[in-house]
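Some structures are shown below for you to check.
Same chain, two partners: chain A is paired with chain B first, then with chain C.
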Partner chain A sequence: MIGVGKIKQYSNILEKPLSKGKQEVSLSAFTFLFSELVQYNQTRVDNIAELERRLEDAGYAVGARVLELLCHRDKGNRRETRLLGILSFVHSTVWKVLFGKVADSLEKGTEHEDEYMISEKDLLVNKFISIPRDMGTFNCGAFVAGIVRGVLDGAGFPAVVTAHFVPMEGLQRPRTTILIKFAEEVLQREARLG
Partner chain B sequence: MTTTACFIIVSRNDIPIYEAEVGSAAKREDAAQLPQFILQAALDIVQDLAWTTSAMFLKAIDKFNDLVVSVYVTADRTRFMLLLDSRSDDGIKSFFQEVHELYIKSLLNPLYLPGSRITS
Partner chain C sequence: MDTNDSLRVASLWHSMHAISQQLSPTTGCSEIELLEADTFDLHIFQSLTGTKLFVVCKPGTQHMEALLKVVYELYTDYVLNNPFYETKIPIRCELFDINLTQAIQKDRVALLGR
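Entry: the complex of A and B
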């Protein structure tokens, strides 16, 4: 008789260990789900700003959970208390878990003290989406902007996060940039902590 | 000597989302809410302390008569606060870690709004 392995059955989902689980989800499944999400919202809103806001809110819920989960799994229970710390956490750890690689670049804005930018040549959510001309400046990267906002808000750094297209010479498609603008109190607290 | 313990989970916006009391001490009429009161008073101290250290487990941070308050802060700035009258650091730390794992699991529920009451 062929031996059968015994799989431990957990009666309660809360008793399952919080392990890493399968790291990868199929790309096509995700893009299909995401396109459905965009289409579903498209039929229920009147203008572009509302659509962007809904995508952002969806991303915000993801970000809040990702923050807790990643800090527990990958960082061995150490929190981030400094601005640069949380930004590099988003830039490398979060991006790596979500998209499989670190973000292309993290820059500090030149005009204002409280602006930072994370850029990506080919953002996963925008890869298979083309924007019709009459939608103007709409960017599906608003979903990713929402994720970043969820992570920052959870850690105690309130910020306004938006996604923009930045055309680059030599590249067929424009680069996507996530612009992060921190609230006043964050800068004051950073100054106080020295 | 009966041991009393009071455990509260406080969310980011200072709203308690879970409370539990263990112990069989008789409740005094005039101090029925004493544990909650002590823990609320300790919140201010936690706030200042949380920004100075990147560890999660803040050991005993406040004393009231013979009761000790210990606090554990998560990445989400959610605070687990415990009020005990006897103290053993390792036991408390592993208790907090178990609660943390359960909290993350309930967070992962897409129907749970972070910051609302935990009822299960």
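Entry: the complex of A and C
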């Protein structure tokens, strides 16, 4: 029958509604893509720090876009102005959308006022990756650190975000911790807001 | 047996496999699946891409084909998805080793428990 089940064609892509779309992507497809991303960057850098920086930059671009999308979809265009607000947003909403689950834990650093840590027992991007011995402390979670940095930067909370392996007793593989160190101005603003 | 010896033996097998395909008395024979000797059994699993997996075990051990399929799955998950693995070098992936030993332990426990 003619005309049945025809999808409405939009002349302009900007007029298409921002639907939720398919929530799931195949894990194998993502791991292949990510593995290729790492290999691509590996051939173009001279040292490990540079590789980490490139992965983080790639994540930064994702983070900026994720923030815009989630603010529109899930939060009804409300803006987070408080530190704890934006941290719990990253810890639950962003993690839920990207990895299908809430992050394992959110902690405040004990040594410094401006440090916070999001930990994950088994980060999705690291699930199938074994780092060779000679790469030292390199962590492919730098990609996720970049995503967090992109979200925080876009929301107005400039920070330095890094990913570290933290060995835990009782666990065969070390836990991954995303360390967030906020800039001075963020803390000052937070103190002013009371 | 160090890596050089394993490579030598594996390449020996590759030629034997090709020859056996031609020599087989029955028609429609694709490859050697099992080699039974006095002191050991050698099971072979060949994937669709031509990757061959071997397991050497005591004569008469059961369910080696299932084990080989599990190992193949582990190989695709932890070795091929690893960006630091280059093809044709010996596998040195931590996760693959850990999961491989776990799979073999589980298999052994299941055998003894029966």
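Please note the rule applied: the second predicted complex is superposed on the first by the 190 of 194 C-alpha atoms of A that agree within 3 Å, B and C clash if a C-alpha of one lies under 4 Å from a C-alpha of the other, contacts with A are read in each partner's own complex, and residues count from 1 in each chain.
Just so we're on the same page, contacts are C-beta pairs under 8 Å (C-beta built on N, C-alpha and C of every residue); 3 or more make two chains touch, one makes a residue touch a chain.
This one's a predicted model, so the numbers in the text were calculated from it and none came from an experiment.
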Partners on chain A (chain B, chain C) - clash or fit: fit
Going by the contact rule set out at the top, does A:Q188 touch chain B (first), chain C (second), both, or neither? neither
Identify the partner contact of A:R78: answer first if only chain B is touched, second if only chain C is, both if each is, neither if none is. first
Let me test your reading of the model: by the given contact rule, A:S35 touches which partner, first (chain B), second (chain C), both or neither? second
Angle chain B-chain A-chain C between C-alpha centres, in steps of 10 degrees? 150
Chain B versus chain C, judged by how many residues of chain A each one touches: B
Counting only touches as set out at the top, which of chain B and chain C does A:S105 meet: first, second, both, neither? neither
Have a look at where A:L69 lands relative to chain B and chain C in the superposition and call it first, second, both or neither. first
If you've got the overlay open, could you tell me the nearest Cα approach between chain B and chain C in whole angstrom? 24
Intersection of the chain A residues that touch chain B with those that touch chain C: none
Can you tell me which positions in chain A touch chain B when the two form their complex? 13-14, 16, 18, 61, 64-65, 67-72, 77-81, 85, 154-156, 189, 193
Residue ranges of chain C in contact with chain A within the complex: 77-78, 81-84, 92-96, 98
Which residues of chain B touch chain A in the complex? 12, 50-57, 73-77, 97, 100-108, 110, 114
Per the touch rule, the chain A residues reaching chain C in their complex are 28, 31-32, 34-39, 42, 128-132, 135, 140, 172
